[in-house]
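By written order: A, B and C. Residues from 1 in each chain.
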Amino acid sequence: MKTIETEVIIIGGGATGCGVLRDCTLRGIKAVLIEKNDIASGTTGRNHGLLHSGARYAVKDLESATECIQENRILKKIAWHCIEPTGGLFVTLPEDDPTYHNRLLEACKFAGIDAKEISVKKALEIEPNLNPNILSAIWVPDGTIDPFRLASANILDSVERGAFVFTHTEVERIMLKQNQVAGVQCYDKVAKEYFEVYAPIIVNASGVWGQHLCSTAGIELKMFPSKGSMVIIDYRINNVVVNRCRVPSDGDIIVPGDTVSLIGTTSRKIPYDKIEELVVDDDEIDVLLADGEKLIPNVSKARVLRAYCGVRPLVAVSGEMDGREISRGVVLIDHKERDNVQGLITIAGGKLMTYRLMAQMTTDLVAKRLENKNRCLTHKIPLPGSEKRVGYTKKIKYFSGIPNSVVGSTHYRHGERVHNILSLQKRNYGLICECEMVTLGEVEYAIKNLKVKDLVDLRRRTRIGMGPCQGELCAYRAAGLFTEFGEFTPDTSTKLLKDFLEERFKGMKPVLWGDGLREFEFTYWIYQGLFGLGLVEEEQ
Amino acid sequence: MKFDCIIIGGGISGLTAGIRCVKEGMHTAIISSGMSALHFSSGSIDVLGYLNNKVVYKPFEAIDTLTGTIAQHPYTKCGKPLIIEALQFFKQECETQNLYLYDNENINHFHVTALGTLKPTYFSQRSVFNEDVYNRFKKMKKIVIVNFEGYRDFHPQLAASQLKKQALFANCQIVAKSIEMPRLQDLTKHPHEFRSIDIARIFEDKENVYTIADAIRLAAEGADFVVIPAFMGIHNFNEIHNVMQSRTRLLIYEVPTLPPSILGLRIDNALKSRFAQLGGVYIAGDKVVRADYTNDVVQAVYTANHPENPLEAKFYILSTGSFFSGGMVSEFNNMYEPVFKLKLHYEPERSKWYSPQFFYSNSHPFLEYGVVTDENLRPYDSKDNIIQNVYCSGAILAHYNPIREGCGSGVAIGTAYKAANQIVSLYKLMR
Amino acid sequence: MIKLENISFDHCIKCTVCTIYCPVARVTHLYPGPKQSGPDTERLRIKNPELLDISLKYCSNCKRCEIACPSDVKIADIIQTAKWRYSKKEFRIRDFLLSRTDLMGTFGTMFSPIVNFFTHLGIVKFFLDFIFQIPKGRTFPNYASTTFKKWFKEKRKYQNKYLDKIVYFHGCYVNYNYPQLGKDVVKVLNALGKGVIITKEKCCGVPLIANGYIKKAQKHGRHNIRVLSKALPHEQAKIVSASSSCSLALKHEYPNLLELDNSPIANNIAYITQYVLEEFEKGNIPQLKALNYTVAYHSPCHLERMGNVAFTIELLRKIPGLTLKILHSECCGISGTYGFKNEYYAISLAVGSELFKIIEEAKPDFVVTDCETCKWQIEMNTKYKVVHPISLLAEALE
């Protein structure tokens, strides 16, 4: 059985885990990250992509708000290609409490968030599709952030600097030697083999799955999962983030993200044993669409592309067992103090925006334990893709010969790394995904460099299948490329195609009406009617 | 304008009915709101491919079983003799436009798909099934599956790998190849979309056919059979196929691709030109938005382009297709038929419309939803009254699943023929 | 961010049917096709207008993609709107002049003998090609010596003897190039017992839209809506046009593309053959003499889009003695001012080549079509003369 020795094992490839990996690597600490599915496939990937200004929390949770605005500024520098600094609005509707508006302004001032009151007329100029009946508006420095790109960039940087990453690998148990961690036993689901990794420090960054993970080391870590559902509109109905100016509740935000808009979110408590069987309920879709329409009237006419849900990993800190005083803040547990297990650290809670800060806190603790005196550099060194800040116009000119829409889309996704992807060689810029302008070159780059094991991973790195066709035209095209560029057999490629369509279907099911139903019928006709993909048997 | 018969929906079903009516001297119009599902089809005619999720080898015998057990199935309403007559009619009408359809004498044959699976079907075009193909299938030693460099919609290695697993090809060597063509390189230099239709147009030029044939012969190296994606021309496909085969001295087989389907396009062209040749009026790109009825008889229909000018006929056929063609409309929690607001068979609860997985073995319930009709294919209005002069045909009908049963085109043709027959008899009586 | 209204691109289910029927994509690979130029990239342009691809300029607005689309996506409208909304505004004198048909027409008719002489001269054509990029191969239509408006002024009093009146939107072609067609329309309408009213109309705006002068097109549109609705003798009265493109503009482009409220006239507009056919079907059919010609009918793209081809064909069938060959529907390639520009000239001819071939194969006495620019293209590229269906009908009325 294969064994690996390292200094830190990080379990969990969400934003936090990826951030810790990078921070460790930049400080010269040898680290290995193990993720049971794909990078950013857990809560991070189900995020609504809001780059908080912090205003949302200013009224109730000042500490969170302050952290948010600081990180907001840092991320805009080091991860600009993962971010769109759209700006945001907080709008008060006729039925809302008009006093909240001033409370928000006050709280933002206190937290150092640059919020400005603007006239309704100005708000409508900034966002012409806004409900014209709003009573007041506040401008905030919100933005949008792509969680997949962010996590992937952290991984790419770490791997390029010598770290190791294992995806589609599940940690079966944490191995202990008396009360000290020894390592982990893992199962590689693709290669179908076990292996062990030894290290004196293990960081549990596995989010909501931490409860199960810690139990393998005999530790109780109670999680109170909360389901949040979101609905995606198939095109960008708003260009700035639109927030409802009221006490945070269901359906009070519409976030533009690349070519789509996202209406979020809900909050439903679910039992721990149901975290792998989440479904979006009809009443959640109802409330999201109804409330979304109040902010942007076009919602009622737009096509709903998908609906999905994620789990918020709310953690109880030292002894809280009943879920009432759980904070959404950051939780850093040194299990030596809490459970007498040396070398195990848990980092949980928080939000996507503050991942870097959370990673810093964790790595500070890890470095202390390893007596590493290096300082954190993650706020200074830009992520791969964000090295140089060059706008579209220059890039389009550089790649003239390739259509603007293709260059622009690739640059939007990969920043400076676009130079590793696009070339003026004809075959390279042929389109695989026509909805999102993903070229053959980009698919090749992702398969070869970005730890892509299946079409679902590919979708996270490139946006294939995330547009209106949901894989109808691109899934088959991309599947064949796995055989060409990866080391996948044709049979595996065919199986990956089938799996991808199943995954896309999961998000289409809850909203299967209107054009979505037509799209699905058409896709089903092609893949089952014309191709007979359902007839292809699974390998034993 | 006044007609004897107006057919709403110009796909395979509407066109079959239209040809039948116009042949009998009826002044017939077809109104079609966009191009039909033939453009994505396999180009073969499926009569009955599966019954109870098992492959059907003898479709007419299986139809007997089906008509004996499922009262509401459109085939039951047609009856086997009429289905056979309808299919013969369809085949003959296509032949008038030089589109020949081949079958294996009451037995289904299998066509190869782009993924290398085999699907049962009844009529296929010459490049997909004919006597030569049938005879050679069993004795094959080597098959070469060829793609053209730059065409993204076909992966020969995937097809080769699946095909090898079929019992029929157990002793056959199957190789995947890609050929480069100078003319195609030129085309892919420009950043445009490159689909089957672009390559099919290249084949329409004789010079290119010779170059391609030579490249294929080189790549084939001793194969019995060459499988290529369906590109061999849109209009002159017979000639092109002949030239390709004679020049390569190999059997060339076409596989239907991701849309647009050239095989399907050939059928669409043949049916449309036959209909026009017989004097039928085809109104393209217009949508019927409402109808005038008095006492369960439709007087006129109005379209999006002519909202105030009635199009009148004595008889109407509704062959508007399924959801993607707009024949039925679904909303957040209901469905309806947009032209006549007919009574539908469907589950009001949306979560019942689909199955838990994409490739669920029993397919998806919404494919069986549609208009409820009497045994003569006449529909009911929302108050359960039969609409006397309207007949329904094709995918708009309820109680069958064209994909799970492999009977889409068979039902379209059979029901169109039945609907048209009735209209023709009534029309003759009126004269 | 623009205000998003009348969104139809999100109905697109990526079926690719439009790409089969686009005549421009068929002949050149410089144009990525209607699907990519329209619904696909519109989503990206909303996100960032810099993502505009200049290749969409090759779209000729024939609207065959919309005819083919099963999902009600207004593909051609999306592309035209994207062209003027997102591209850089450059002034080109050629485009300015080609789109100002009233201006050019007034000047052309005033000096018609000189203008007609010069536009046929080889050296002038060479100069136009070199300086303005107007292809020297292109034949310019002649200007008439008097405008239709002037001719009608004298006939106006005769129209008063008819109780029923029809408003006639004559368009620029009839007014400045070929008043005979207008005279034929008046003759046919009078034979039906209808009097004709004309207004102080301006160019319908189609060439202005095609060249990006949206504000001016809107101005013309508002003016036309106003004068036409004022001229209506009663609410149900008809406004007819004998130009397929003018009818399309008044009925569809005004509300869909120019965002004008044409409700005062929307239900009154009828393309002439539809109106005449409906009168015939009501029993109001005058005596027609037999015309023993063999004609080939070509259906213009904009007429197909309006769903009026069936009416023209049905009307032609009512003319006794006529042998009618209906040509397979193909775009002629000129697409209005598109075919008058060097950068699209080769494409224009390539698109039409299929049509020219089938005309030659049909060997008719002459060709019949409803669109004036199709007439110019066909006469230039085949040996056949082209006649409007109404002119044929007028001849049968003698």
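Here is the rule we go by: a residue touches a chain if its C-beta (ideal position, glycine included) is under 8 Å from a C-beta of that chain, and two chains touch if they have at least 3 such contacts.
This structure is a prediction, so every number in the text was calculated from the model and none was measured.
Relative to the C-alpha centre of subunit C, the farthest chain centre belongs to A.
Relative to the centroid of all protein Cα atoms, the closest per-chain Cα centroid is that of B. In whole angstrom, the spacing between the mean C-alpha positions of subunit A and subunit B is 42. The centroid of the Cα atoms in subunit A and the matching centroid in subunit C are 52 Å apart. Once the centre of each chain is set as its mean CA position, subunit B and subunit C turn out to be 35 Å apart. The multi-chain contact residues of subunit C, meaning those touching 2 or more other chains, are 13, 15-16, 32, 35-36, 55, 71.
Residue numbers of subunit B whose C-beta contacts span two or more other chains: 40, 189, 191, 193, 259, 324. Touching of two or more other chains is recorded for residues 403, 434, 473, 518-519, 522 of subunit A.
The touching residues of subunit A, counted against subunit B in their complex, run 282, 401-403, 406, 426-427, 429-432, 434, 440, 473, 476-477, 479-480, 483, 489-491, 493-494, 498, 501-502, 504-505, 509, 512-514, 517-522, 524-536. Within the complex formed with subunit A, the residues of subunit C that make contact are 1-4, 7, 9-16, 32, 35-36, 40-44, 46-48, 50-55, 71. Those residues of subunit A that touch subunit C in the shared complex are 126-129, 234-240, 256, 258-259, 298, 301-303, 392-393, 396, 403-405, 408-409, 412, 434-435, 437, 467-469, 472-473, 515, 518-519, 522.
Chain contact summary for the complex, subunit B toward subunit C: residues 1-2, 29, 33-36, 39-40, 187, 189-193, 195, 197-198, 201, 259-260, 265, 273, 276, 281, 283-287, 303-309, 324-326. On subunit C, the positions that touch subunit B within their shared complex are 13, 15-17, 19-21, 25-26, 29-33, 35-36, 55, 66-72, 267, 270, 274, 277-278, 281, 304-311, 313-314, 326, 328-329.
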